[in-house]
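Data first, discussion second: the structure below is written as structure tokens.
All chains are identified by letter, namely A, B and C, in their written order; residue positions are counted from 1 within each chain.
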Amino acid sequence: MMAKIELIDVSIRDGNQCLWGAVALDTAQILGIAPVLDRVGFRALDFTSSTHMGIAVRNHRQDPWERIRMVRAAMPNTPLQFIGTGLRFISWDVAAPEFMQLVYERLVANGIPRFAIMDPTNDAEALLDSARMIRKAGADEVVAALTFTLSEVHDDAYYAALAARLSRSPHIDRLYIKDPSGLLTAERARTFIPAIRACMGGMELELHSHCTIGLSAQNYMVAAETGIAALQVALGPLANGSSLPDAQRVVANLREMRHTVDVDDRLLGAAAEYFSRLALAENLPAGAPQDYDASYLRHQLAGGVMSTTRRQLAELGLEHRFAELLQEVARVRADLGYPIMVTPYPQMVCSQALFNLLGTERYSNVSDQVIRYVLGKFGRPSAALDPNVLDRIMGHVRTREIAQEGAPPDLAQLRRRFKPGISDDEFLLRATMPPQQVDAMIASGPAPVHYNPRVRPILKLLAELMSRPAVADLTVEKPDFRLALHRSPREPEHVR
Amino acid sequence: MIVRRLLIANRGEIAVRVIRTCRRLGITPILAASSADLDSVAARLAHEVVCLGPPRSLDSYLNIDAVVAAAVRVRADAVHPGYGFLAENPRLAAACEAAGIAFVGPTPAQLAALGDKLNARRHAVAAGLPVVPGGEADDLESARTLAAAIGYPVLIKAVAGGGGRGMRHAHTDAELEQSLPRAMAEAAAAFGDGRIYLERFVTAGRHIEVQLLGDGATVIHLGTRDCSIQRRYQKLLEEAPAPGLAEDLRAGMEAAAIALGRHLGYRGLGTVEFLFDCEGGRFYFLEMNARIQVEHPVTEAICGRDLVEEQLAVAEGRRLRLSQDTVRLAGHAIECRLNAEDWLDGFRPSPGRVTCARFAAGEGIRLDGHVQADSQIPPYYDSLLAKLIVHGPDRPAALARMAGALERCEIGGVANTLPMHRALLAHPAFAAGGVTTGFFERFMAEQA
Amino acid sequence: MDLTDHDVRAILQLLDASVFDELDLETDAFKLTLRRAHGGGWTREDRALKRPRVLEVPPAAATPHAAAPGAGAGAGAGTLEVRSPLPGTFYRAPKPGAAPFVEVGVRVGPQTVVAIVETMKLMNSIHAGAAGCIAEICAVDGEMVAQHALLLRIQPDPP
């Protein structure tokens, strides 16, 4: 069946986060390609999040609000998206609802019209609350996530019920299948997607599936056949690996299957090329298509977590118990009501499994994170916790301490901690970040706005040559590129 | 709508200028050129070139059918008319609209309103602007009566004219009798419309203009420019902002310009030209140019925006992304128009082959040109070779930077006005700032 | 590679502090030369090198052999134009090194082969289409021609 599919580009936010630690791409580097990106014809751009805004301040010393405004001005045709969990803004502390309402209002005012909300435990109440607040703040489009995972409880019926609940909200415009671990096989997609769509009452559905073990190439094709309205993709070096599928490849495949994709191919290529050149200039890695790993569907531990855990075991002289650990990981996950194995849960589950392995009894040692999770501070777990395990954890002294932690301060209290008269934008940063970092950002002044990845290597070469004054003449030649530097003779030839 | 393919129906430096913005924004630039310009620098920078016709402007750059046909042929989303040629021709704008192609400029109605200089005056009056005392004159009789009313000396202007062309002055009835029929004949030949109007000729005046940008609903201004250094009403050197203007005068002109823009519901880039009568201390509306101007780079330098990009956004139907309070004007900018003319031989045009085109480069220096070594300057068009634009934190810094920059420029193979600009920069009256339109003639007399 | 004014300024900042007096940057599309000037400051020379892609205007009449009005200033009044039916490479001779099919002044008949246009390894014979004399060879041997490009002019025999 031929469909018209729209695209959402995640290069700047999710691609950057998966492959470049979220620290690449500052204001100038984004502005360098913004006008071209704007003309491709993307439905929206996955542009920023709490994490990225914090990195702008901390790593780039650039104002994240200014970045939003400038990119919005450079991209009048393409809505920019903010993605969040609704629980917090930049800092790890949970924020009061009033505070989050202000965050949403400032995001809308600075130029964000589209919001994606995901809950780490698929807590429908939490999602509905966030959607209501975001709509109140004046957002044009609210897209709620159905976060996908594999477990006994996360079957088609579970997701269909969630979709039915969310799609009935007047504050939600679209849903999207968020598959952060890349677990959705094409086979499962064939039942999963229709099951969800059937309960959505005509609301549109998008798909966002990571390429971790190479499944998205195929599930995206199934998605196009089963009524998905938009696919989320990434460009050039920011695609593949643990990021999203490559936009150009997806477009070509969709068209091969006779679907329509209304994007400007030339500009799509130009944007991909920009990121490639940027990656070259800044020594950043490019995502590569991933091998299928059958065991991944079972343990769901991404490569990084696996290698870290192995290392930790080796340091304790316990590497021989790795297989046993993996089994314990599965038990812990079930005990805790099947948290979705997305940061921070894989680490949380792994370290608890390790404690259980090392301790005299299971759950005799419990981390603060697990306690908070069990107390529902990360949202309501998807399924009931094992009652014995729950009892055990609730009996710990530390659990009582954490339960008594006060509620987050209200907005007025928070404002009083800082200088009166600062803008809301500045207040939101000061309330969530160390003061030295915000001060340093402000002291840096307006962010630079020019970046040309093709010129960077030339500038680097010149800077490098400053420390080599002996060089008199230099020529660099590559296909279709010649750079020559000359020095005029300063003295007559015979004086040496 | 999104403009992805733009037909540039112009030539020379403005074609190169528009192409530069296109390339930055990812818009495909397609040049529409006469056969004399098919290997120009603009042609080399464009994605492709379509030939409008033979070199003569009437057959090519002034050929509406050819321009529209070219736009349709290359599937252009929009046409950029540059300045001059058909830039303010309502029939081109209407023909583009009819063909479903966006015209980068104001509406046909606005072009018609402002292209007829008498109409423009009427709109200005309706918007509350002061206009130079004057009016239309059908014949010598009414002209003499009018001249008596407004007082000699008078300026005779073509109603359908513009760009400073076809203007004559008369100091007495006898001169009026001599000049009037000639002015009418010239107007008919140059603009296809022999109507003329008279204005009081302000002897000690400054030509100050205000840059406007509108989206049809909102109009903002981007500051003033002073273009008083002119020879036969052709601008040679421009500055932004206009130097040495009293604050209330400057604010008054900006407000007046906005009032006219609002009155028209203006869309696109436009410039309101004023004559500032230094002796009387008052300003008068002269005309409004409904296009991007040659001297737009000095405004870009002080406001930090790309005006071609703003034009394109308006053509796409976008609201202005700037508001008056986000506009920041900083520093001072000067532009020198480098023409292929021999300034010491009556400004005789010097077409031919450029052997060397070397220009100053560095902080605060910009060069908008279209010539390089081996460029052929054709004889059919204007003599503008390049615009050297300099920006500094204040006027003295800009002057010093321009003087230094002019020293480093070298154009070989054709006579050019670099030496004239060097002499201008060195002239104490110019350095002091605020010279009137009479200055250049005196300056030239000094050179003899 | 598009170098903006900002890029050039960034390069100049580093260049100025360096020992170098000249930078040449060249690609197939452009050449930029930055030189340190005597007395301080820098100059630039830009050269756009890429040959323009000129779109051919299709002739007013449909057939490739009809005379098109306004095609080129003043050339060949009364001559018939022979235009290329396809884009490709124009060859005047049947093989490299062989004698050309025709020269100016040579008599031709309607079926006379006057040139070859090679498109994707396919050789298209171009026929004169009329009886007369070759008046002008308009395209360059071995060069790419666009579809409808003017190849030759024929002075037809009087009817």
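In this text, contacts are C-beta pairs under 8 Å (C-beta built on N, C-alpha and C of every residue); 3 or more make two chains touch, one makes a residue touch a chain.
Every value quoted in this text rests on a predicted model; they were computed, and no experiment measured them.
For subunit B, the chain whose average C-alpha position is most distant is A. Across the structure, the highest number of inter-chain C-beta contacts is found for B-C. Spacing of subunit B relative to subunit C, judged by their CA centroids, is 35 angstrom. Centre-to-centre spacing of subunit A and subunit C amounts to 51 Å, using the average Cα coordinate of each chain. The distance from the centre of subunit A to the centre of subunit B, with each centre set as the mean of the Cα atoms, comes to 50 Å. Shown for subunit C are the residues that touch two or more other chains, namely 2, 4. For subunit B, the set of residues touching two or more other chains reads 24. Partner subunit C is touched in their complex by these residues of subunit B: 23-24, 31, 35, 38-41, 43-51, 53-55, 73-74, 356-363, 366-367, 372-373, 404-405, 407-410.
On subunit C, the positions that touch subunit B within their shared complex are 2, 4-5, 8-9, 12-13, 16, 34-35, 37, 39-55, 57, 70, 72-73.
Put simply, subunit C touches subunit A in their complex at residues 1-4, 6-7, 10-11, 14-15, 17-28, 36. The part of subunit B that touches subunit A in the complex is made up of residues 2, 4, 24-28, 309, 313, 316, 318, 321. Residues 35-36, 38-39, 41, 73, 76-77, 264, 266-267, 270 of subunit A are the ones touching subunit B in the complex.
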